[in-house]
Structure formats: structure tokens, C-alpha cells
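Several structures are given next for inspection.
Each of the two complexes below includes chain A, the first together with chain B, the second together with chain C.
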Partner chain A sequence: MRIASILKRHELYLIVIIALLSVLITSINHHFATLENLLDMLKLSSFTGVLAVGVLVVLLSGGIDLSFTAIATVAMYLMGSYILTFGGNLLVAILIVAVTGIVLGAINGVIVHKLEIPAIIVTLGTLSIFYGALMVIAQGRDIYNLPQWFRDFAKLNLVSWRNVGGSTYGISIFLVIWAVVLAVTWALLRYASVGRGVFAIGGSPLAASRAGYRIGRIQLFVYCYIGMLSGIASMIHVGLVDQIAPHSIVGKELVVIAAVVLGGASLSGGKGSVLGTFLGVFLFAVIGNGLTLTRVTSYWQDAVTGIVLLLSILIAAFRERRREKSLVRVNVEEGKAKA
Partner chain B sequence: MRLLAGRYRTLLTLGAILVVVAVLMWVLSPDRFLSGPNLQSMAYQIPILGLFSLAMAVAMITGGINLSIISSAIVSGVAGALLLKSLVHAGMGAFQMTAAVTAAILVILGISVIIGALNGLIIGYAKVPAVLGSLATMTMLQGLAIGITKGGAVSGFPEAFQFIGLGVVGGVPLAFVLFLLFAVLLSLLLNRTPWGFSIYMIGSNERATLYSGINNRAILLRTYVLSGLLSGVAATIMTSQFDSIKASYGSAYLLQSILVALLGGVSASGGQGTVSGVVIGILILQCFSSGFNILGFSTFLTTAIWGLMLILAMVVSFVRERSVQTPSIV
Partner chain C sequence: MAENLVSLRHISKNYAGVKALDNVELIIRRAEIHALVGENGSGKSTLIKVLSGAVQPSEKAEIEIDNVRVRSNSCTESIRCGVAVIYQDLSLFPNLTVAENIAVNDQIEKRAVVVDWRDVQRVAATAIAQIGAKLDVHALVGDLSIADQQLVAICRALAQEAKLIVMDEPTSALTQREVELLFGVLRDLRSKGNSILFISHKMGEILSISDRVTILRDGMLVGTYNRDELDRRKLEFLMTQKQSVESRYAWNGDNRRTLLEVRGLSKRGNFRDVSLTLREGEIVGLIGPLGSGRTELALALFGLKPADSGEIVAAGIPRRIRTVKDAIQLGIGYVPEDRVQDGVILSKSIGRNISITILKKLLTFAFFLKEEERRKQVERWVTTLQIKCSSSEMPVQTLSGGNQQRVVLAKWLATDPKILILDSPTAGIDVGAKATILEIIRQLAEKGMAILLITDESSEAMSCNRVLIMKRGRIVEEVRCDATTEDEILEKVNA
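Up next, the complex of A and B:
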């Protein structure tokens, strides 16, 4: 029974697909299966990875957030402007992005709960408001000359090695941040009462409220959480690209949601896992990296991403319907329904 | 009877808002807003967003949404444009030119219909939620458009093709006439046919519709085909009017088409909305848009204002729905 339930899990499918793809890519280009490439791939995915964790939590609660890219943009811009004008240190920087994210997320949460407007429309609106307002104020200027301490932080490695060419690679600090975010979210969802509440309102808001969960508070938490993670992710983004360009993040929201959905999260709430989300992001990274290493022109990467997404949701939909059908059959056997 | 009165009340409210906005813009910029050139440029801009909004509204009335309308238009536009470029060569006769342009239009509309059918199959038959299904096709189509064009533009079409988007018939832009024609046809379809009736029914209560003997899946399939076709007409006008087509075109239309549909009284949860409401919605948005343009607002400020209006429109419809629903429960 236990093994059967594990075998049916979505995560296993993903691991198999990733393994098959890895073998295929390695057979074309041996560079793929090196520790250096793996760590590089993970480091570059850490930005999407942290965002994806936030998206997972929102999806689990039965909501959706399209505005997180705008929140990330506002957060990194505020941080960049502050540390360039007033100096400051790493702690201040983290505080700025996290608080900005939480405040903007709270705006989403309050509107979604108080006005009972569909979350997709609220966050589509706030996406335009946050981003538009920032661009009006910042006038689309990029920030380049980041302070040295920030650049040093971005290059920090937990462990590092030297490759044949002499350059160093290692476990980046961003990878560590991503791992911490994954672990904390996993624990939160599994052990904290608010985490259980997220699953509860995602499964059935009515049942959750009858069971004593406060829907408004949980929704507020969820949108603040994705806001905070967007802020943290924006810092990773700044570290990775070594500049702050206000237009560089907005427009990527659907790719992140796609990775989470690929990881097995349901858009109707209540279903999804932290491991699945990690694997979804990783699968996209493998596809992207593989297309580069096998020299497929970069113009087709988006199309491949879209096709993978389309196939994965179709498979998920068919599995869901098979499950529904099997549920009906149980009812018939028990004589509860005459179909 | 009360339903009828309620419907006209919505239209009346929208009409009043339109007049207020138009007067406001006229007061803010008396010599330019009602000038000939501005009215003419509005008449050129309305059809594209208007058709996209109708495509969005049809899907929303069924209780779904179609996020892929813009990317569908881009892909079909690119295909039509490439075909046209390959068919047209110097010294072509008038007959050959007409045939080439017709072929291009048919390809654009045909591909739009196929994409619509794909959406319909995914949403109606595979029962994927509309947000997710159309999101997936949107991602795929965007990628396809980038892949085919390598991120560049396809441009430079013969005058015969440009006539669709830029031509004038009896003093009115042809594109505007096309928009009105499709709006009237869609209105007839929604109000006078069993199909139209089923679209509203599915949006109000999908299960009850199914139990009343309607083939929901087939209706959804046809409705998403219709949505695709409308975006195909928009694609034809857009490609012709811009005289070029590119993967990055029209990204702002997605938010705006949802905004217009909601402004026009289409309910986000389905079952409600009229073509006349959407048409007034597009007129309101266009008045704002032209007004902002004359006042020299930046595109980013305009974007922020659209977002704010989107949420305000939802708040208004939330309050309105509550005030309508409360007495019926008692």
C-alpha cells in the first residue's frame, strides 16, 4: 500500500522525466553531467526557485498571484536606491526587500479577502499598478554601480572547487538561500497551524471556515508570504545579473507559475508539494540548459517550455478524470449510486 | 420584465459614464479631444482592442477566460504575413493580388479557428480550468511566434492588404465597419440563437445546464472557436494596420481586453454580459486612452491607471451584484 501510493506520486514522474532527459542530453554533450554544470544550473534557477515556492503557497490556498514579479521589481529598486544613497549593509538590504514584499503582498491579501474579487483579476490589476507606479517614479532608469560588499556577497560560495581551466565554482550562497526557503516552507506547511490552514482553505473554504480557520487571516498570510519571497528572490536576481533593470523581471510571472503547475500543484487549490515545486523548476532548468548545450537555437526555448507545460497539464487532467471515474465506481459497488 | 429593466439600467449607467468621461476629456483639452484627427485615430484604434475584448467577453460569459487571444493573433498574423510575402511579387495582376490577399486572410482566420478549437478541446473536453488551459496555449503560442520570426518583425505588405486596416469606406474606416459588423453578428448570436442561450446558461450554472440536456463540451468547443475567430479578425486588422507583425506586439491588449469586458458589465464569474455593454466599455477606455495621450501621460502611468480601473470596476460590480442579489434571497 505504502509503495503503491509512493509510485503513484507526481514527483516520481518528474524524477523519471528528469533522469531520461539527463541521459539524453549527456549523450549529446558530456558537459551536462558535471558537478560544475549542475551547480551552475541550480544557481541560475535559485531566483525562479524562490519565487516558485511563494507561488506554490498561493496556489495551495486556492488563490493565484500574478503581481509577484512587480513586487520583486519594486523591492529590488527600493533596495538599490537605498544602498546607493545611504550605504547600509546586507541586513538592511534584506530588511528592505522583505518588508516591501510583505507590505505590497498585504495589499493583495486585503483586496482579495475584503472585496471577494477573483484573485487573478486583483493581482492582474496590482501588477499594473505596482509596476506602472514604479516606472513613473523611477522613469525606467537602470542601477549599475552596486557597492562592493553586495558584489562580494553575490560571489560567496559555501564550498568551492577549481575546474580544469582554473576558475572556481561551488555551492553559491543563493543556492543556500533557496534551500532554506524550501525547508522552511515545507516545515511551515506540514507542522504550523497556518500551513494546515492553507491546505484547508484551498481544499474547501466553506469546510475550513466551519472547522474554525479564519480565511481572511490565512489569505493575508499567503499573499504576504509570496510578497516576502518575491523580495528575497529579487535580491538574488540583482546578485545574479549584477544590475537593477526595472523591466527585467515583469513578464516572467507565467513561466514561474508554469513551473509550479508542472510540479503538480493544482490551480483549484489544496494540491501540491514543496518537493514537486523544486522538481518543476529543476525540470525547466534541465530543459533550458539542455537546449543550450545541444545547441538548439534559443529562439525555440519558449515554444518547448509551452509544449511541456501543455502536455503536463493535459496528463494531470486525464489522471484527475481517471481518479474521478474510479471514485464513481466505488459508489456503484456500495450501491450508493445507480449510474 | 425586471431582468430587462436591470439590463437596460446597466447599459444606461455605462452610457452615462461614457458621456461623463468624454465631457471630462473635452474640458481638459477642449481644442484637441473632439478634433477631427483625434476622432479619426480613435476610430482606427477601437476595432483591434474592441475585437479582442469581444473574444475575451465570449469566453468570460461561459465562466472561463481566454488568455491566449493575443498570442493566437500574433501566431496567425505571422503565418498570414509570411504567406503573403511569399505570394506577392512585383508586377502582379489585380486578380492575382486579390487572390494572394484573400489567401492570407483565410490563413489568419483558419489558424485562429484551429487554435480556438485547441483551447476548446483542452477546456471543454479535457476539463482543464480555462485559466490554466489558455495560459498553456498562450505560453506555447508565444514561443512559437518567437521561434518562427526569431524575435524579428515581418513587415511590408501590398496596399491591397493594408486597405483592411487603413482603408476608408464612405468616410468611415473599414476596420471600424468590420468591428461593428462583428459586434452586431455576435450580439444576434448571443441573443437570438440556442447556442447563445447555452453560453449564458453554462456561465450561470454548468451542472444545471448539463442536466437540462445541453452538450456543454460541444458548446464550450464552439465558443472557444468563436473566441479564436474574433481574435483572428483582430489579427487581420492589426497586421494590416501596423503593416508589420512581431512576437512582442499587443502585449498590453491582454489586460485591457479583460478590463473592457469587466467595465462593460461582463461578470468575472460568468453568465452575464452583453455586446452593447462591451462596445460602450471600449468607447470609455478609448476616451481615457486618447485623453491621456493628449495630456501627455507616460505609458507607465497609463498602465498603472488601467490596473486601478480594473480593480475599481470589480469593486463596482461586486457592490452591484450584492445589491441585486440580496432581495432575491429574502
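Up next, the complex of A and C:
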């Protein structure tokens, strides 16, 4: 890719903002610029990060999914109940969350395609249905006593170091999962024909159907994919907080969507990238972490997050408008008028 | 006689008992540019749908493409037979690169699970080389001009190995120069053995590009003619069965009252040093290529995008136009170029659309609408402008293009303007309706209204009494229509 087109990209702006923020935070608290803090930040973001990748794929296809938090909740609850009742192992756990996610996602996909109802309404509905049904069955009970093998898995590090205080830190298994999800999704979007189909239907559904893309199949894939990633993310969530509380995820959907939009994805479809999505999530993590390290009360976090989001969308809108203006610009002949 | 590439014979099609096509025949030879013309509702689009396989004709139809009798008529079938349709909206993906847009059908055809990007580039580069275009395969299609997007669409058709490319109104968004370039590409393709089916409302283009012309009227075939058998007048007659009257607007009132005078109006990046006068009962044409600043000038006069500097004198008093409200107070009405986007609310009724500009006048002091008065106003304009509708309560989208345009006109006429600015009022409207719109404009002028008519077509400019030629943001010349000819105006615009 040519340098000029890289410079124009949204991702570059994010990197610059992250770099500036990092310098600012480090000047106040040196702890920020340590490997330990970085890895910690990334580990804590891996849950949102995996969800964000799913949201990216849906947004690219020109759709939206609000029900993914409910899907994640159902998936982790089923998984928790199963391993507590029947035992099982890691593979079974992964299978349960993934299959649950795919099945619930398929419901979304079929409704969106067959009934031709706007996805935002469909998934707003299924959000309540999935979550409500779970609350009826679970009666709002939390699950605490997870088996030891699961706890061991959650503490697994790929590489680990010991800090001055003597505690260990390292590259968490969750970070590895997130990285794999990012890599697989990137390859899928770039090289798989279904991935190109996602871009195509997001760019112009009419042109896509005229070109012979099967829109229904692609939509089904998209909603199953975010469902599956929601399931996987829910497992990360359980690992991070060491319990399963039915109310702990629902309500976070807008924050995740915000991170993806901050990463340059368009809510009207067809535009966005895996790298941008990662940077969007990371930027939110840096802001959150920075506010903690600079001892700003945590109440400020939501407000600051909102401000950053607004600013970034403003910049994007401003650049878009400038681009449009340059397209319609009249090439006015300067100088004195001829008689 | 040259060999036939496509022959459609005995094509009939009924929609719920209404005959859309009645025993129509269309024969396209190899290496020819064939024009398909007819007014709206003449069956053109149905015929194209039959050709592209989107619509099944009735039993007796005989379709032969490239000497092969086509039986199971479907979209993929006709793509395989070498027919590619470029729709008016181009059906491109703005968010994808040029290369991918060109190779998309090829990729789907190959049913590849994994995209081979080198193959995509190669297919695209080959197609681009075929028409000798300068296109960056890595650029996003959304960043290209409409003319370049048009070329991308042609390349895509070529990548499908299309022998016949159907183009639906390809020139509607192109500048004159771009049209010439496009025609160059089309002639080049013809010389390489491809055939083009060209659909257009613009008589001048049809006569300049096509080898043969097939004319439809009311779902029936009028005939297929060689280019040399036709001229504009005959073509229009065959399409409409009406002899077009080319009377000029006679107006001799150089000393009638000046309604609007503009001196040295400028707006950065839009237009510069524009001066013009509009007198009572005058129709002034404003002609210039797309991007000449003509629409921007209209927007400035209507207060939508006010000018930076310059003087505006209305009825002898210096005025400022900074908002639309200012303009309306001065008695200016504006009919925008894109009637669907800016002119009407499609889903609302004809009546509501017409009365929207005069709502304030229709309010009682308690802010209730005077229903009776509103209905009277609406009826008045529906009758005056002869809007063809079963009821003024019907939504505007049920009307034909020409009638929609009349609704936009009515909406502004209801405000009782002294000056009416019309931006391309006949764009995308068929020949018959064009003539009536122009006639309405003429009648308005005769009653004393001053009209600024922005147009693309030199034939339309001839129905004015003065024409201003605009280029690169400036008015470069002013000509009187009684002292010039259509060709002369065209020449000046293209010079």
C-alpha cells in the first residue's frame, strides 16, 4: 500500500492519540510505561476486545447487533451450570459457549433476513428475550464455586516474569485468545470469499445481490460469528472475574459498539478494519488505566470516555465533509473577468 | 447483412392483465451501438429485464443470444451468454477498490472460497487495458468521479466477457467532456466487436452515437431505424406521435421593470464576479457544464449557500440574501435539480407537498390549519398545472417524473413568487412531459414572472430569450436567442 493512503487512514490518528496520551500519563505516573501495566491493560481488555471484533463484522455487513451481551450471558451461564453439574473439561466448556453463541446468533440472522426487519429492532428484541429467559431459568442466582481446573486455566500465562514485589505477570492466555480472534478475523475478511461478501453487502446491498452474492447466507454467517465470539468472550469474562453473575455483562453493549466506532467503523456499513477496532478498544483501555494511575476519581471515567468518543466522531465527520467538498469544488478561474 | 448477436422476437409480457410489452422485436447486430428509446412506460425497462433474464416473457417469445436459443432465462444464464447490464446507479461497491469491483463477478463465478488477490488484480488490469483507461486499481471506487465509476462498470462488464453491454442512461451525471470520452470508449469497443445497447432520453446523444435505433411506444414496437433515416424531429415524433412545436419565446421588453439585479457576486470556490439582471416576463437561460458553478449560483440567490460578496438589488432597493427566508421575502422561488432528494417528500400526499411552502398563510390565529382554504389552493394548482392524479391525497411517489416535477413547481408557485429559479427542471423527464413543462414556464413568464432557467441542453436554452453561458465559476458570455442557433450555443459551451 502506498504511503499517502496510509497517512490518510483513521488508524494513524488513533496511534498518534494513543502515543500522546501515553506520554502525558507517563509524565504523571511512571508506572504506566511498564510492560507489566501494558500486559495487565491488554488482559483486562481482552473481553471487550473479542466482543468488539464480533461487532466490527456485523457493522461491516451493514447490520447491527445489540443482543450480543445477552448471548454472552446465556452462554456463560449454560457453561457454568454444566461444568458444575457434570464436571467436564476445557474443551467441553469452549464447545458449550461457542455452540450456544452460534445458535442464538443464527436466530438473529434468520429473523433479520427472512422477516426483513431492521437489525436494530430485531436484536433489541432478542436481547430482552435471551436475557429474560435466562433470568427466569437462573432466577438471578450467581455461580461462584468454579472448578479448580477452570481457575488454573484463567491464570495461565504464555510467558511470565516476576516483578520487584515478587508477584508474577505475563502474557495471559486470554490475550492469546484475543490475538487469535483478531488474526483469524483479519484473514477471514481479507481472503475468504464470505469476508469479501460482508464488505460487499455492507457497501451496497443492491449491487451485491445483482452481482450474485447470497445475502441471506452472508447475514447468517455474520450473526453466527458475533454469537460465537460473544460466547468465547463470555468465557474470558468468567475467567477474569472468577464468578458468573447474570447481570454483569448486559448493559455494556454500547461501550463495545463505541470502541468499534472509535476504531473507524461506520455505522452505515462497509467501512472499518480489524486493526482500527483493536486500537479503539486499546484507546479506551489507556484512558481508563490512565485515569486510575493519575488518581482521577473513577466517576470521571464514563464522562471522559464519552468525550473521547464524541471528539473522534467529530473528527471523522469533519474529514468526510472536507473530502466531499473537495469533490464538488468548482474550479473557479481567478483574475479579472473578461469583458 | 451483418450477423445478429442478440435477437428477441415475439416478446410479450403482462403485469396483472396490463400489457407491458406486446409482441416486441429487438435485433442487435454484432459490433453495433444500438439505441433503445421510448417515453416512460413505453416498455423499455421491461424489455431490458427480459434481456437480462430478470423477467420471464410469455410463451411465444424467442430469444437467441450468440446463435444459441436461450430457454431457461435467468440472470446468471444471460451473464453466461455474454449480456451485461450496467444500471443507472452503476451497482458498484463504493467501499471496495477498483480492482475488486471489476473482478467481483469473476470471483463469484469461480466459486473460490479463498480470494486470490493477484488474480483479482490481473483480471482488473486486463479489462482496464481493453478500454485503455487510466484507472488506479487500488483506489476506492467511492473516491472516483462518476465518469470514472462509469468506466469501472464498463470494465466489470468486459471482465465478464460481455459481448453485449446494456447501458441505462449512462450520461445523466456526466459533463459534456466526460460524455465525449465515454462515447470514445464505446466506439472503441464497437471496433473490437462488442455491441452496446444504449438507453437515453437525450436525443442529441442518441443521434450522435448510435448506428441503429429501436423505438417503443406504449409497449409496442414502432420500428428499428438506421441512424441516417432519422433526425431529431422525426425521432421525437415517432416516440410521442406529436409534432413538436419549436416556437421561440417572443419577448420584446428591454425596457420592462427590472426585478433582480446582481452585481459582482462572488463566493470562494464556487463562482466569481457574477453579474446578471432579470426583468419582468423574461426567461433567462443559464447554461454550462456540470461543475461550472451554475447550481452554486442558484443556491446563493436562494440563500441556501449565501455569497461572500457582491450586490443584490431587488426592485430598485439594495438587499441581502443570507437565508432562505430573505429570498422568499424578495419573492424568489427555487426548484432544485434533484427533485427526489430536495424537491418533494415522496411518501407524503400531493396536497401536503404543495401546501408546505404556504403553511403560515393557512394558519388561523390559534395555529389551526384552514383545511378548506388549503384544499382550494391545492386544487387550484393541480388544475392549473394539469397534474395527472386520481386524487390530491395520493402520495407523490405514485406519480411519473413529469408530474412529480409539476408538484415541485406548484409548491413554489403557491408562494406567488416574482422570480423563479429552475435548476434542470426537465432532467430525467421524457420528451412529451418536457415540452409541457417548458410550456408551463413560458406561460408563467407571459404573466410577468422572471425566470432563471438552468439547463444542460442547448435545445432547452433556445426556449429562453437570453442565455448566459457559465464556465469555471464565471459568466463568460451572454447571447440573445433570436440572434443565434442551437448549434452555436452548444459550440460556445464546449469551446
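In the analysis below, the second predicted complex is superposed on the first by the 327 of 339 C-alpha atoms of A that agree within 3 Å, B and C clash if a C-alpha of one lies under 4 Å from a C-alpha of the other, contacts with A are read in each partner's own complex, and residues count from 1 in each chain.
Convention: a contact is a pair of C-beta atoms (placed from the backbone, for glycine too) under 8 Å apart; a residue touches a chain by one contact, two chains touch by 3 or more.
All of these numbers come straight from a predicted model, not from anything done at the bench.
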{"item": "Touched partner set for A:122, first chain B, second chain C, both or neither", "value": "first"}
{"item": "Chain touching more of chain A, residue-wise (chain B, chain C)", "value": "B"}
{"item": "First, second, both or neither for A:109, with chain B first and chain C second", "value": "neither"}
{"item": "Contacts of A:258 with chain B and chain C, given as first, second, both or neither", "value": "first"}
{"item": "Which of chain B and chain C A:280 touches, first, second, both or neither", "value": "neither"}
{"item": "Touched partner set for A:203, first chain B, second chain C, both or neither", "value": "second"}
{"item": "Chain B versus chain C as contact partner of A:270, first or second or both or neither", "value": "second"}
{"item": "Sites on chain A touched by chain B in the complex", "value": "64, 111, 115-118, 120-122, 124-129, 131-133, 135-136, 140, 251, 254-255, 257-258, 261, 267-268, 297, 299-307, 309-310, 313-314, 317-318, 320-321"}
{"item": "Touching residues (chain side chain B, partner chain A) in the complex", "value": "65, 122, 126-129, 131-133, 135-144, 146-147, 150-151, 251, 255, 258, 262, 268-269, 298, 300-308, 310-311, 314-315, 318"}
{"item": "Residues of chain C defined as touching chain A within the complex", "value": "75-76, 87, 89-96, 100, 104-105, 107-109, 112-115, 117, 138, 143, 145, 268-273, 291-293, 296, 471-474, 476"}
{"item": "Complex contacts: residues of chain A adjacent to chain C", "value": "1-2, 5, 190-193, 195-196, 199-200, 202-204, 206-208, 210-213, 270-271, 323, 327-334, 337-338"}
